[in-house]
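So that you can tell them apart, the chains are marked A, B, C, D, E and F in the order they are listed, and the count of residues begins at 1 in each.
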Amino acid sequence: MATLEPKMKKIQAIIRASKFEDVRDALHKIGVEFFIFYEVKGVTFQTEQKGSYRGLSIYDSAGSIPRRVLEVVVPESDAKEAINVIKKSAYTGETGDGKIFVSSIEETHRISLG
Amino acid sequence: MATLEPKMKKIQAIIRASKFEDVRDALHKIGVEFFIFYEVKGVTFQTEQKGSYRGLSIYDSAGSIPRRVLEVVVPESDAKEAINVIKKSAYTGETGDGKIFVSSIEETHRISLG
Amino acid sequence: MATLEPKMKKIQAIIRASKFEDVRDALHKIGVEFFIFYEVKGVTFQTEQKGSYRGLSIYDSAGSIPRRVLEVVVPESDAKEAINVIKKSAYTGETGDGKIFVSSIEETHRISLG
Amino acid sequence: MENIISDSVSLVSTDSTFYLKSVMDSITASKAAYLQAKTEITSNSTSINLNAFKLDNLWMMIASALVFIMHLGFATLESGLTRAKNTTNVLFKNTVIPAIGLLTFALCGFGLMYPGAEFTGAFFGFKGFGLNLPDGGETSAYSPSYTYWTDFLFQGMFAATCATIVSGAVAERIKLISFMLFSMFFVALVYPILGMWKWGGGWLNVIGFHDFAGSTIVHSIGGWGALAGVILLGPRLGKFEKGRTYPIPGHNMTSAVIGTFMLWLGWFGFNGGSVLSADAGLVSKVLVTTCIAASAGCIAATFTIFSISRNFDLSMTLNGILAGLVGITAGADVTGVLDSLIIGLVAGIIVVLSVITFDRLKLDDPVGALSVHLVCGIWGTLAVGLFGSKAGLQQVVIQLIGIVSIGLAAFVAAFAIFFIIKSTIGIRVSKDEEIYGLDGGEHGMEAYPDFMNK
Amino acid sequence: MENIISDSVSLVSTDSTFYLKSVMDSITASKAAYLQAKTEITSNSTSINLNAFKLDNLWMMIASALVFIMHLGFATLESGLTRAKNTTNVLFKNTVIPAIGLLTFALCGFGLMYPGAEFTGAFFGFKGFGLNLPDGGETSAYSPSYTYWTDFLFQGMFAATCATIVSGAVAERIKLISFMLFSMFFVALVYPILGMWKWGGGWLNVIGFHDFAGSTIVHSIGGWGALAGVILLGPRLGKFEKGRTYPIPGHNMTSAVIGTFMLWLGWFGFNGGSVLSADAGLVSKVLVTTCIAASAGCIAATFTIFSISRNFDLSMTLNGILAGLVGITAGADVTGVLDSLIIGLVAGIIVVLSVITFDRLKLDDPVGALSVHLVCGIWGTLAVGLFGSKAGLQQVVIQLIGIVSIGLAAFVAAFAIFFIIKSTIGIRVSKDEEIYGLDGGEHGMEAYPDFMNK
Amino acid sequence: MENIISDSVSLVSTDSTFYLKSVMDSITASKAAYLQAKTEITSNSTSINLNAFKLDNLWMMIASALVFIMHLGFATLESGLTRAKNTTNVLFKNTVIPAIGLLTFALCGFGLMYPGAEFTGAFFGFKGFGLNLPDGGETSAYSPSYTYWTDFLFQGMFAATCATIVSGAVAERIKLISFMLFSMFFVALVYPILGMWKWGGGWLNVIGFHDFAGSTIVHSIGGWGALAGVILLGPRLGKFEKGRTYPIPGHNMTSAVIGTFMLWLGWFGFNGGSVLSADAGLVSKVLVTTCIAASAGCIAATFTIFSISRNFDLSMTLNGILAGLVGITAGADVTGVLDSLIIGLVAGIIVVLSVITFDRLKLDDPVGALSVHLVCGIWGTLAVGLFGSKAGLQQVVIQLIGIVSIGLAAFVAAFAIFFIIKSTIGIRVSKDEEIYGLDGGEHGMEAYPDFMNK
């Protein structure tokens, strides 16, 4: 029944999979204990040809790029630091580095506490 | 460090994969440049038999249908249009077309801006 | 165009896949008709070795555990019950049972209503 | 016996009467010895012939096993080049075809294809239903190089191959039961009746048509059947849309490669076994021309598609190998190494251009079966008139007669069967079933239920 | 030599004395010629016998290779019909089994199974440990059709097959080390001791029990072992729950099809090699009955399951092929084509009903090994008494004696081994390991680490 | 003829003159009979020799087919042990290599490797370009056991194998076109020139170097080529980082197992065929030592890696099988069963330690090709001096000479070719291409487009 008291923020970061380990380690350093991640596709609308099959160009699936999404829920007070840390560790400077979205979480429950 | 000024909305649309390309193109037309998508299962509780294996009916996994989730974050002012466009392009009229959920995003950051 | 009137809450529950069917059935019992789920990895920072390949320890993917995420959007009035039901049915008491996050949904649309 | 001789010889210095008897004994003994030697020589001869027969028959049985494994090749190649949602369906078809093929070939195909010498030069003959071991059918009396059983097995494996060729071209949209019906008739009637024209001693054989292991008889017949199916079925959803042609990539290149290698391996038996004996020189030469043509087809297709799409398209490389193999099949016995190299190279180029052309013609063939089996089958048959020991204008004409007559007959027959099926029970699955995959619709199961699909 | 004769003959018109000498010379020469011819004839005979020996031995070596590849068949079939999270584990078991099998068969199995003529009619015999080339072991003195080495290799491959049958039925929940221990004892002791009853010249052989290639000796023994394991292990989590039975689909139909074709191919050697020579008539007949039964099993199973579930269930079709193969294995040499057709059809029907029945009995067999190997093994053994040249009531009784005695002994022995293992180190993995997959628990690795699982 | 003799004998009781004639007739008849018998004996002899020739040749052709299928083994093993994003690329390389290998071996390799008797003991010889059937090339005049064609095919399949070994070690980062160029030169020049030293009758053969089927000639040459490539390419991104070594798991264990079994099967032909005849005793003994060593390698590697990592690592078990096979390849003909057991066990231990050592040395070999082919190739070659009928200090020295000389020459040559390619067109793909996979970069396609990747 443990609704945690402090206000919580959900940070959803869409990053390059190749930067994942850096981000993970950076988050760990500032004390984040757990987060989840999953794979998504980002859609872009540049239809450059990315391949061919049996003489026919593959355009469509070329328009999507693989990205990894990290979701971490942190107390409001820690959000800024977490965001900064993600931004720094996921950074390459080239277009395609990704985005971070922050939203409010109203309640959090830890199932194992019953 | 770019916390974008305008209020942002996250639109999460659960749609048929077969309608994906229509939705994508419709969003593109109204100026959406990027969004992410991933695969989920929708659970239904109609246990109609959807297959069999070695003489045993497959009910359970039949109770889940594959759906694609689109997540796009847009300025509040554009949200209505985006929602309408998704609804129209994902529409078949039959049950199972999916849902759209809208929530607030408090901050967004573009990682490549550092 | 059906923006549903009652305030809606999104419940995002990160649970063990092995508890999925219990949670699903429990939700069904209290009247939840649909929800979506997808697979994610939860990152932990205990780098206990979880495997090896050709004599080299696999730490990294060992640091991630597979979890299933359920997302269900319910009217505010039903949220408490749904949360309780999930907590109970996903419970094993051991660490790793997962978390539940609740956030606000501002609008929901049913695509098939046009 | 030797003692008798030496005894008689030791007595030679005695008197003439005795000597007379001694000579007589010698001659008698000699006669007996001779008779025994003769018996031994004859028995040796028999044993030698038996060894030769067993040896040839052994090779033919092994060749049958090799041709058999081609069905695994087709199954994995065709499913590899189609989508994951249809994998169970494609595999299923290729699994039941050898069963249907062997059973119908036993029922009537064998009797139709090899009706016997009295039908020499004919268009049609029939020896009867079922398998009935003739007198001496297990000895060289039946044939110098194989038993009746081996004969059936080898030819039955060939028959099934022919139907399998169709399955790839019509994949991902044909109704399962319709396909099974088609295959049954195709392999029970069309293949053996047309095959008889050449291999059963029919009219094409008499006019000198040369088709060593079946560029026309097996591959083109299968290819014409495939063409009929492709025309009557129409393309897969999403292949030709809004005036553009979209690629539909195969779901599993590992499968496709396994399939191609199994087919190449099988071709050791397909061509090597078509010598119909274990003749050292001919079989080994055939294997060399076969492998050289396959290699040449591989390289030619690889660089042809590269020059077109700037990509090393593995699916085309695999098709190139098969193109070379199909190309050399008609003339593997009469062409030299250089000939086979050229035949393979040309086949490898043709197959790529043909795949692209069929796409232009809006004929949708998911695995390239038309290009590999039909087009390269024709090329290979023609090549017999252009290269090797049979080359010559007259042979070209004869080869063309064979290509056209078999082609016409096979296409018309296949079209008719497909058309009747289409008009009655239908041949195409519903749009929904096609979108969600035939695995769900026809089989109620997934091929890879544990993996997430895109 | 010819010169001597012709010389002597040309001198015939001279005087008698001279003539006498001339005749004597002729006879002497004749004798020498004869002796030389005799030597040549004998040397020819020897060469002929050597050729025959080499030929038979060649076939037996190839048959060994074919039986060997059945292990790949089992590996891919069994892993294809189980879940992705256990794939490494299933593959691993099927990979080490041929190794364990060959090594233990060399250590003691061969000596137990073929103890020699002095144990004719016995229940047990032992020739000794290890492989010891007997005098003349590389010649036809050892056996008219194969060398000592070939004998070991062929029989060793069979032995390993028997253990492999168990692995599928106990998959997805058995502890790896326990399974390896079981396999070792099963293949080192149980299989060869029981196998000796028939193939080692033991008591079952003496009473006239007929089991050509091992419907009982290989498949049923394996099947009984599997049954013991299934009973002692209990079902997989999630199979039988809340009074219902849930399907647990296999993760990879491509794998399963590859496996089935490899097994069918291997059966060319399994049955064909069991003729123990390259006899043209018998081997080719055996291959035909084998393939007809497989085809019939395929078709029968396909339509049996369709009539039950309205789906063309590929996994059942594959089981049907194997059912037909197992069914014909006991009598492939003594049954005709029509017999083999019926045996295969019945096997194909039985296997489907049996799978459903085992599910009803709450005996959880992920791959259908009990139905294919045990039930159809029994059917095939019985069929020898019903069809073909040995059919008759007396034979039925003898076959039943064999089925029951071998069955009892194999089941009790396997049960005992499993029971001892269960009571000591345990046989089942932890619940957690089972849920997350044995690949992680036993091997610390995934079979498909790059793919997303559902 | 018999009549003539019996006639003459029946006339014996008449007068002497007549008798004389009668004896003369008898002798004449006898002579004629003898001549005819002689003809028959000779014709029998010829037939016997022909049978023996056909039989040996048949085995060599089948062995060629078995060696051929090893290329499928390499394709699936290597792609199974690498990542899904590079699967098309790995498969592609292994598909074109047999084609490149056969064509270049036909062009010049065969002429370089078997230049003829006049180059006995030499370092280099050349018979000429292309395939030119010599007089009697299809008969036993060419060789007692195989035709010219079979000879080419068998040796050509071996040649291609050698290049394939390199492909696994350099996988996941080498530029495709660079690899194809390297392979061409390696198989066209390096392998045949060095192979000639032993198998072409060159200097190593003359000094008594023993390498039955190519532990050194095929596997080590391939391994040295791989080593040169690995050094010049550097490790894959992410393998050695921040002072640690990271595992990069192979994407498909099913593939890897299929590959290993195909290789083991192929080894029946690789070693069995290297007897160069169907000699019953020797071939079957070779097959037994081969299979025992493979089994021993399997078990040894399994428990060695288990003792290190506490996991039953399937990839190591598979490498162990291959280690045993490579290890026994040099001495399969001269070692006994126990020797082969030890050789296999040692190979299985070595291969695991070697994989770990190469990782320590920061030499990145994705599939363990260096450990299997190079290290165990050396071990096997050396083992000829330690076990079996050739064991002895002198032989050890000779074996070492062979290992070092071939090793040096192969490494230097491969290094030079790779170096020239690196300095001109480059050998490594871009960092981006490596991260996103060579399938996209080199082939513009995915191997598994329907599945979600992690």
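Throughout what follows, a contact is a pair of C-beta atoms (placed from the backbone, for glycine too) under 8 Å apart; a residue touches a chain by one contact, two chains touch by 3 or more.
Here the structure is a predicted model, which is why all the values come from computation and not from measurement.
Engineer: State which chains count as neighbours of chain B and simultaneously of chain D.
Structural biologist: A, E
Engineer: Treat each pair of touching chains as one step and give the shortest count from chain C to chain E.
Structural biologist: When the steps are counted carefully, the minimum from chain C to chain E is 1.
Engineer: Counting C-beta pairs in contact, which comes out ahead: E-F or C-F?
Structural biologist: Counting C-beta pairs in contact, E-F comes out ahead.
Engineer: Measure off the straight-line distance from the CA centroid of chain A to the CA centroid of chain E, and report it in whole Å.
Structural biologist: One centre to the other, that is 56 Å.
Engineer: Can you check how far apart chain D and chain E are, centre to centre, with Cα atoms defining each centre and the answer in Å?
Structural biologist: Chain centres of chain D and chain E, defined by C-alpha means, are spaced 29 Å apart.
Engineer: So the centre of each chain is just the mean of its C-alpha atoms; given that, what is the distance between chain A and chain F in Å?
Structural biologist: Roughly 51 Å, centre to centre.
Engineer: What residues in chain B touch two or more of the other chains?
Structural biologist: In chain B, the residues touching two or more other chains are 38-39, 51-53, 58, 60, 103-104.
Engineer: Give the residues of chain E that touch two or more other chains, as numbers and ranges in rising order.
Structural biologist: 23, 30, 34, 37, 41, 44, 48, 51, 55, 58, 62, 249, 252, 258, 309-311, 313, 315, 443-446, 448-449, 451-454
Engineer: Any two chains that touch count here, so list every such pair.
Structural biologist: By the stated definition, chains touch in these pairs: A-B, A-C, A-D, A-F, B-C, B-D, B-E, C-E, C-F, D-E, D-F, E-F.
Engineer: So in the complex, which bits of chain F are touching chain C?
Structural biologist: 245-249, 305, 308-311, 313, 315-316, 352, 355-356, 359, 368
Engineer: Over in the complex, which chain A residues touch chain F? Could you list them?
Structural biologist: 18, 39, 50-53, 58, 61, 66
Engineer: Can you name the residues of chain F that touch chain A in the complex?
Structural biologist: 435, 440, 443-446, 449, 452-454
Engineer: So in the complex, which bits of chain D are touching chain F?
Structural biologist: Going by the criterion above, the answer is residues 20, 23-24, 27-28, 30-31, 34-35, 37-38, 41, 44-45, 48-49, 51-52, 55, 58-59, 62, 66, 83-85, 249-254, 257-258, 260-262, 264-265, 268, 272, 278-285, 287-288, 291-292, 294-296, 298-299, 302, 309-315, 317-318, 321, 337-338, 341, 448, 451-454.
Engineer: List the residues on chain A that touch chain C in their complex, please.
Structural biologist: 1, 8, 10, 21, 24, 28, 33-38, 71, 73, 103-112, 114
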